[in-house]
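Report on the structure given below.
Letters A, B, C and D mark the chains in the order given here, with residues in each chain numbered from 1 onward.
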């Protein structure tokens, strides 16, 4: 068996063991992983790299990273770690990250405690809603159309992010997250009431940019609420000159 | 034909291929280019440098930059690229940047998704307005008086930024942006409803500082709205001692 | 007697004399120690490291740090400093830090002027309250259950932070801080009306992450207030599939 | 006559020609000098160091700094520059900085366009007020008691910052700034309606920390306004145990 330490040693800044600390430091600055909250996991084929529980996210090092074998874990009743840092405990987010990797073949999953996400779930709670819906905002184009579909959402499409209720233990969220994935097969994110959000993507680039776009939309949504502007609107499609001319020509013919 | 790679290789930090990544990293920190949104283009005589589509703006490198010949593009039915990075697609903002370069001879054009810009267009939408107007705020002086005019706006002048409706495809915005430029010949910016803003200037310095000033004004405007303070006011001009004395002398004479 | 200068010279970034400046620079960026306000103290066994009064917190150096002997101070009527920087005066926060070290055996105590903390005390003042209470927010799990208790608060637990009134002189706060500690034996923080907050922990990691979690909760609380969402809620516990099945089985049996 | 270039060349990071760029970069990050707005000047005995007009504040270099002789300027009808950078124009803020240096013997003066300052002047305008007043907030202690007075304001003291109306030309503000200084002889700052604030201090440390404290107070004041909490309050003085015991003893004696 090879030395497990080699799993987290690389000069390549894009190696998952280097990337997770760099991303988490960035997320800390964005207020997404305050006070050891939140987390990030990257899957590289069968290897799943996970930050440990309870670390200061802006201080994390490659040495702190767990590496899990996805196939061995799926074939077993337990999680099979190829490398475990001595000083830590595995993250409670682990089964949620694994849900994104197995049910969606995601390459990266990010969990934030962003206060914008929490506020959106609180606003929705007041009207008994279990789904965040917004349309006609350009940033919606930052999301893929859905699992195994090509292309991104359009400006006039409605982005829908399901909200699940928070559980006392983070691991217990897993079944509800999986249910939400089944109910919203195209979603790349699930909000957790009074807690935060899980966002994934086919790779690190997509997970990160979808997470940024979503946080931006949550912020805009909260600010829209404060200005009494509804999240769902019925904006007419703008017709380009070509479209207007084509319509006029069609009418002339008719 | 010379090696196109030399177009993006320079030790000069002010070379467009170095400047665009540096600016975009700064804009990412300001929340202007979240989730690959927004962009930036610099024109150096006939060479137009453009960031590609879909990159994480804070991670961009000189290698990622497209270089387009403005004259060859204008003489042709297509965009003529002198250099294209292998891994990317050209930005959908390209025709909008070119509008600023050709119709205004701009040296730089910045496109942001700033949430302040989006909120301003949403507030204006509620009263059916297609122009942002503000006066009597010092930062208005940060704008030039207009195309081919010298000097800047004054404190008591009204800054007017037209708002165009967003289209499903970013390229389709071009005709409406050009229409707004025709209708507001002195503007250095066009807001796009529920999307963001395009800001340009004679050079990088002017485009960037006008973009910063505008974002500041958008923020102040949203906060004024929350405090029920109108954007347009009728503030009397303050008279200096010299002016008061001159008036008194004129009255004595009369 | 050994050279007192050795007390603040170390190549180890985790040495208190290096850590206090690094933490204070971070806190300055977070807006916690604006304009020389706030502070931070670390206890390493008998040695108490304290930032001086009136320094710009983001510019502090190991050279600026006071070192006090806790045992000699307790055995004496005065504070006994093992090292005093020539140019400064001791911090007015010193007796408050010492209260956390002696009454709670804390390893680190942080004092911030965070505007979120101040706003929370102002909101509470309007309804005559002397305790901040919030429940059913995930970040509450960032706090220990209390002094000499193991484990952390749960999601459904109510976090209670007492508020003491501000005094004209910071040192005079000490008796009220100690009273609040007696009245709330499990609290890791005390709010000071119109002033800020004191947060401590068994070590630097715990004090810092509890301070971050609390600032996050103060922010969310102010934003909830602006959205008319109460801080205390009665959220039903979510039942997992296993719990629902166990209940159903029990009913069948009955 | 010595080489004027030596006036701005020093290896000492605390030399004014190095300090002004470092401070301005920090101020840019705080949003105080957006879009070339605002500025900073340091006086070192007879030498007054000033940033030029219209530079991007986060990019400034020692080379960009003007040096003016205060005594020669006072003895002359014109401003006498010992060093002028070739590429720039002197700042329009110059006579306002000089007012702080001559009327208050200040060592540093900072001018910001902080949006919090602008919002405070807008809120005050709505009730026709020309002075910002706040009391019973700890950060008020960050201000000196006044010109040639020792010690700082206390927690229960009222901080008063006069507001002058903005003029079309920044230089024309000077007479109104000087009037406000005469009317409020102890103030270390003057707000300019719909424009920003001028803050000074005996030295760089005091000017900067007073400017930070004031910006913090402006932010808290705007947020208090949004929460309907008044800026002036009548908080009873907290009595310490010693004071209560002394009172009880006095009553027993009586």
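In this section, contacts are C-beta pairs under 8 Å (C-beta built on N, C-alpha and C of every residue); 3 or more make two chains touch, one makes a residue touch a chain.
Just so we're clear, the structure is a prediction, and the values are computed from it rather than from any experiment.
Averaging Cα atoms per chain gives one point for each, and the point farthest from that of chain C is the centre of B. At the interface between chain A and chain B, under half of the residue numbers appear on both sides, which makes the contact a different-residue one.
Annotation: 31 Å between the Cα-based centres of chain A and chain B. Chain C has its Cα centroid 44 Å from the Cα centroid of chain B. Counting partner chains per residue, chain C shows two or more touched chains at residues 226.
Contacts between chains close into a ring here, every chain touching precisely two others. By the definition of touch given earlier, these chain pairs are in contact: A-B, A-C, B-D, C-D.
Chain C meets chain D in the complex at residues 31, 34-37, 56, 113, 115, 118-119, 122-123, 126, 165-168, 172, 175-176, 192, 194-196, 222, 225-226.
Listing the residues of chain A that touch chain B in their complex gives 136-139, 142, 154-156, 205, 208-213, 215-216, 219-220, 223-224, 226-227, 229, 235, 237-238, 240-241.
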